[in-house]
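Order as written gives the chain letters A, B and C; numbering starts at 1 within each chain.
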Amino acid sequence: MERPRHQGMAKNTYMRWRLPLVCLLWEVAMIVLFGVFVRFGPEADAHWEEEKREMNLTSDIENDFYFRYPSFQDVHVMIFVGFGFLMTFLKRYGFGAVGFNFLLAAFGIQWAVLMQGWFHSFKYGKILIGVENLINADFCVGSVCIAFGAILGKTSPIQLLVMTLFQVTLFSVNEYILLNLLHVKDAGGSMTIHTFGAYFGLTVTRILYRPNLEQSKDKQGSVYHSDIFAMIGTLYLWMYWPSFNSAISDHGDAQHRSAINTYCSLAACVLTTMAFSSMLQKKGKLDMVHIQNATLAGGVAVGTSAEMMLTPYGSLIVGSISGIVSTVGYVYFTPFLESRLHIQDTCGIHNLHAMPGLIGGIVGAITAAAATEDVYGKEGFIKAFDFTGEYQKRTPSIQGGFQAAGIVVSLLMAFAGGAIVGGILKLPIWGDAAAENCFEDGGALPQVPEDEESDVYHMHNPDKPASP
Amino acid sequence: MERPRHQGMAKNTYMRWRLPLVCLLWEVAMIVLFGVFVRFGPEADAHWEEEKREMNLTSDIENDFYFRYPSFQDVHVMIFVGFGFLMTFLKRYGFGAVGFNFLLAAFGIQWAVLMQGWFHSFKYGKILIGVENLINADFCVGSVCIAFGAILGKTSPIQLLVMTLFQVTLFSVNEYILLNLLHVKDAGGSMTIHTFGAYFGLTVTRILYRPNLEQSKDKQGSVYHSDIFAMIGTLYLWMYWPSFNSAISDHGDAQHRSAINTYCSLAACVLTTMAFSSMLQKKGKLDMVHIQNATLAGGVAVGTSAEMMLTPYGSLIVGSISGIVSTVGYVYFTPFLESRLHIQDTCGIHNLHAMPGLIGGIVGAITAAAATEDVYGKEGFIKAFDFTGEYQKRTPSIQGGFQAAGIVVSLLMAFAGGAIVGGILKLPIWGDAAAENCFEDGGALPQVPEDEESDVYHMHNPDKPASP
Amino acid sequence: MERPRHQGMAKNTYMRWRLPLVCLLWEVAMIVLFGVFVRFGPEADAHWEEEKREMNLTSDIENDFYFRYPSFQDVHVMIFVGFGFLMTFLKRYGFGAVGFNFLLAAFGIQWAVLMQGWFHSFKYGKILIGVENLINADFCVGSVCIAFGAILGKTSPIQLLVMTLFQVTLFSVNEYILLNLLHVKDAGGSMTIHTFGAYFGLTVTRILYRPNLEQSKDKQGSVYHSDIFAMIGTLYLWMYWPSFNSAISDHGDAQHRSAINTYCSLAACVLTTMAFSSMLQKKGKLDMVHIQNATLAGGVAVGTSAEMMLTPYGSLIVGSISGIVSTVGYVYFTPFLESRLHIQDTCGIHNLHAMPGLIGGIVGAITAAAATEDVYGKEGFIKAFDFTGEYQKRTPSIQGGFQAAGIVVSLLMAFAGGAIVGGILKLPIWGDAAAENCFEDGGALPQVPEDEESDVYHMHNPDKPASP
């Protein structure tokens, strides 16, 4: 406020060009890299007719597109509407939640197609993509959306894009270590998406700690309609989570099983969330924050094990526990994290993603370790854990050990990566939001005037034309 | 208000523990029962590889998952977003509509998996589930959501859970009688879901009649944004209804046909609804209530016959009629039901589900009775009506008679069941809402303060921490 | 205002009966025409068992329903929720946007099934329909929703219905010329849907030019929540656009490829839209109008070429360019169109559909002209462009020429058709909105009172019953 005016104007001019420059530069880089590396995979290429003959497929319906496209669209909705609207609860930051989520996800999926492609779909010098790559890119960006939840309202769009660039990179490395080097199963991403994404975001928000956020505390509340908008996000995440956990599982029984396990876990989670929300509140009221968030923990917590023979009642147990842990987290841990550890976690991702993600990793390790040929069938056992080739000799208990190792690796990557990226984001070149502007649209987005009407930014307004 | 304070506090303490206790107790019961009874069906079990060989299936795409999962997700959206948001029109009960719908549906689907499983998927002492069970559980809960529409805003969450428990049970019994004993076709549930659900709910709300609801009449209105939220519910129900009616039809032509018939019926229904809404209103205005509700009657009214050879023009006729009946119902019947029969029907389910459900049952009976081998083809005729085994000798006209009997049974079950459950809900142990609090968030949900901002319930608010 | 009162009353009475009459008359006409012409296609007919045998299909999963139904539902959501909510940004016209879009689309799809059926699915005197007809009907209506965007808030529902009737007719003729006579490829409808729909709508709004709209300029703004509602429309259009462009492509690789190309194009489009939005605004702010609209241009611009071997990086380039063109259009062209050419384009469809549609047509022509057997494979080449039968000799460069001719034909049809239909809409018999009522609910829809509460139209209100 007391800043000399000309300095502010200079900064403004600088700001004005920074976001366009970064966006355009990165898009050009994407075009060049896609041009050099990315091509259609055999099932999306016009040579598919020959491919079909070679692979002895009798029908077009055998194309992976028909196995995964409906799930892909559900996942797509989760990333863009689910995460976007879940974060609209802040009364003055609805545009920021939906808009910046849109921006970072659109950028992130392009970079993720490349990073994950180099690791997993690289053949003859090209990345060959199909619908599974799109799903994986969405998954990868999901972990960025999670981290975004911790720093929501406190960063500039440039900072978000920089974080996205680094987080997608680290995600892909971590995923490669887990899936390829450790040969770990994690189809729904309890470890790779949720544990990694959440602890990464929490570390970043710790590094970016602002002691003076008190002054914008009143903006961290919600209003009636913003809470109903947030329920749109909640419900789409909740309803489509079975698609999330089953989207990249093996064809057939594995996809089917993942969907059922996730459905069961989520249903149970709602009940225990409501129970503990009511129990831990004064007067037994239900807390909208819990209903919006903790009800989803059941999806996170079966992310690793959903495609295994967790069984429906196993899923109910896992869902029940995760709902309790998550709700208790909102009531007790979040205030503790903020006051003692200086971790300002806007959306409470520690409760929705971090702890349930850990539960998911552990449940996955136990379920894998407990697998028997009797339960899975001889062929099913090998297929479920990919115990072929160099992993032919792996036993369930060894697999369980590797699964556990996967949790540790994800945590280490998240802490180390988050610390480094947090440090980078602290560099003064990105232009962060002033404390008094936190949790409020404005900055790069149109501000919400006091009377909740915004004429400034709308081109239809004839008196204040939008042109420069 | 004049109640002694200590009594109020005692009641409060009691209230505070009741919802948690019921939720937790029931979730534990679900876990135990699932543990004893529920297992994966052959298409979701890891033994699927062997199953495939036995059944001579050459591809994973033959798994029922790929036939039904996209429809399942659409139905899932209808239950949780469709019904939830359709009921957000009340200006002060948005949380209650979406939140309690979420709670009862999450509980209901678990109990439905068990109840319907015992009746239809019980083999060797276990309930073997697959994606079709999930759809059926959603369907069953759909009938509870319908009944919820009649008592919206007038009951406590405990009462809703108790109603759900009983209604799911009765639904499953009724469904068993219709589908198994009477061998009736009802894939889209005109009788089992809509007629049963609606008359059940209307009977319950009759039993719970409150003469003094006048004082909260002003809260029964809507506001601009609550009406737009409600349109989200309307549109998702309208768009996905073809999936609803086709979700559990036979593979192939039956699913295909159901979707087309429903699409046609719904399109016609919009036109006649708009026509009659405008015609019956002063000044020719359209009524948002009709647009939100009566436009859906076309989906209900072809619930039984959509999978039959109703033909597209038949669907247009049925849709047109149901739109008219439903709109006329809102204008004339609902006020009559309330003033003369003391049936307070908050959402007007009599117009959206009860009457169109009856039409659906009747149209189904007629379409079945009119079926000929010429129209269906020899094989198609047998397949469409499952005229195999003990039903080999059944003729279309006999089938029509049984279909009609299905309507009567559903009505009797609804009236008798509704009366009993209504009586149970009147017991003073469940803690119902005081008349002055009806149609208003608060009670178990955070209240909406006058200025439409609610700081009370949000954990992000530092001054009023959410911890107890 | 100064109009004599009795005349107003007479007009009112006339108004009151006009909308009902038109709706009912047209629905009756639909029923008669469907009765005479429309039957189930072989894959939706109960004779399917015999059909399967004849066509040597071994599984029900070969039914076209399973190839296209998930995409159909996504397209359905785009038409009803996507377009409907995209237009809710006007602060006082939310009901009109969603409600009238609902009305015209529901009517339009019925008429489109007939019109397109006569041209494309007519066999033995009957129109044989399946899921592809439903998608095409939705597509056709999509072009009406686009045109609706230009005249949003300025027309009566009758005028909209009349426009729908004519536009669907002209759309079908244009589509027939392009697809059948010119043998042009346009699966995602860059030319048939977007170019035609947008220039048709722009011509109509030019004809209906109202010089005195200034007085309702303040209603053309948006409010905070209306802009968030609009983001629901934006996101659903953005997320499901891959389904839109792939819905009617050939089975297998073509559908797969269309989805990937569209995904890439849309992702790139978001980045360049944000860049140019920030760059062209004072202070570097992002403009919600651009985020809501220009981010979608990437889907329009690959509508023709998405099913071709455009390649992912080609899609990124097309998406990037279209985002820039669209954003620049909102800033510079829209004000120019209004002030100089008297084209009042409420939603800016010139920027979202017209220009990107032209780009899409041109990119399609170039991609077709550049096709080689090397890139497509011998069989893939023939399959992709349908170079069979009488088109066996067509070369890529000739095909490119025909594609370009398709653009010209679409433009001519749009201008000529729009001029005629605009003239028809100017006839005084339809009852258009008075200038002071433009962009405001009311007229045929319930008005929004100043305090944003509307008790008038809600049947639950006991004091002011809804009955006539």
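Throughout what follows, a residue touches a chain if its C-beta (ideal position, glycine included) is under 8 Å from a C-beta of that chain, and two chains touch if they have at least 3 such contacts.
Note that this is a predicted model, so its numbers are computed, not measured.
Counting only chains that touch, the fewest steps needed to get from chain A to chain C is 1. Mostly differing positions are employed by chain B and chain C in their mutual contact, as under half of the interface residue numbers are shared between these two copies. Averaging Cα coordinates per chain places chain B and chain C 32 Å apart.
Residue positions of chain C touching 2 or more other chains: 59, 61, 66, 70, 225, 232. Across the interface of their complex, chain A is touched by residues 12, 15-21, 23-24, 26-27, 30-31, 34-35, 38-40, 43-50, 52, 59-61, 63-66, 69-70, 73, 76-77, 80-81, 84, 88, 94-95, 98-99, 102-103, 106-107, 109-110, 113, 129-131, 134, 157, 225, 229, 232, 443-446, 448, 452-463, 465-468 of chain B. Of all residues in chain B, those touching chain C in their complex are 61-62, 66-67, 70-71, 74, 89, 91, 214, 217, 220-225, 227-228, 231-232, 235-236, 238-240, 242-243, 251-257, 259-260, 263-264, 266-268, 270-272, 274-276, 278-289, 291, 295, 309, 311-313, 316-317, 320, 330-332, 334-335, 346, 348, 375-377, 379-381, 383-384.
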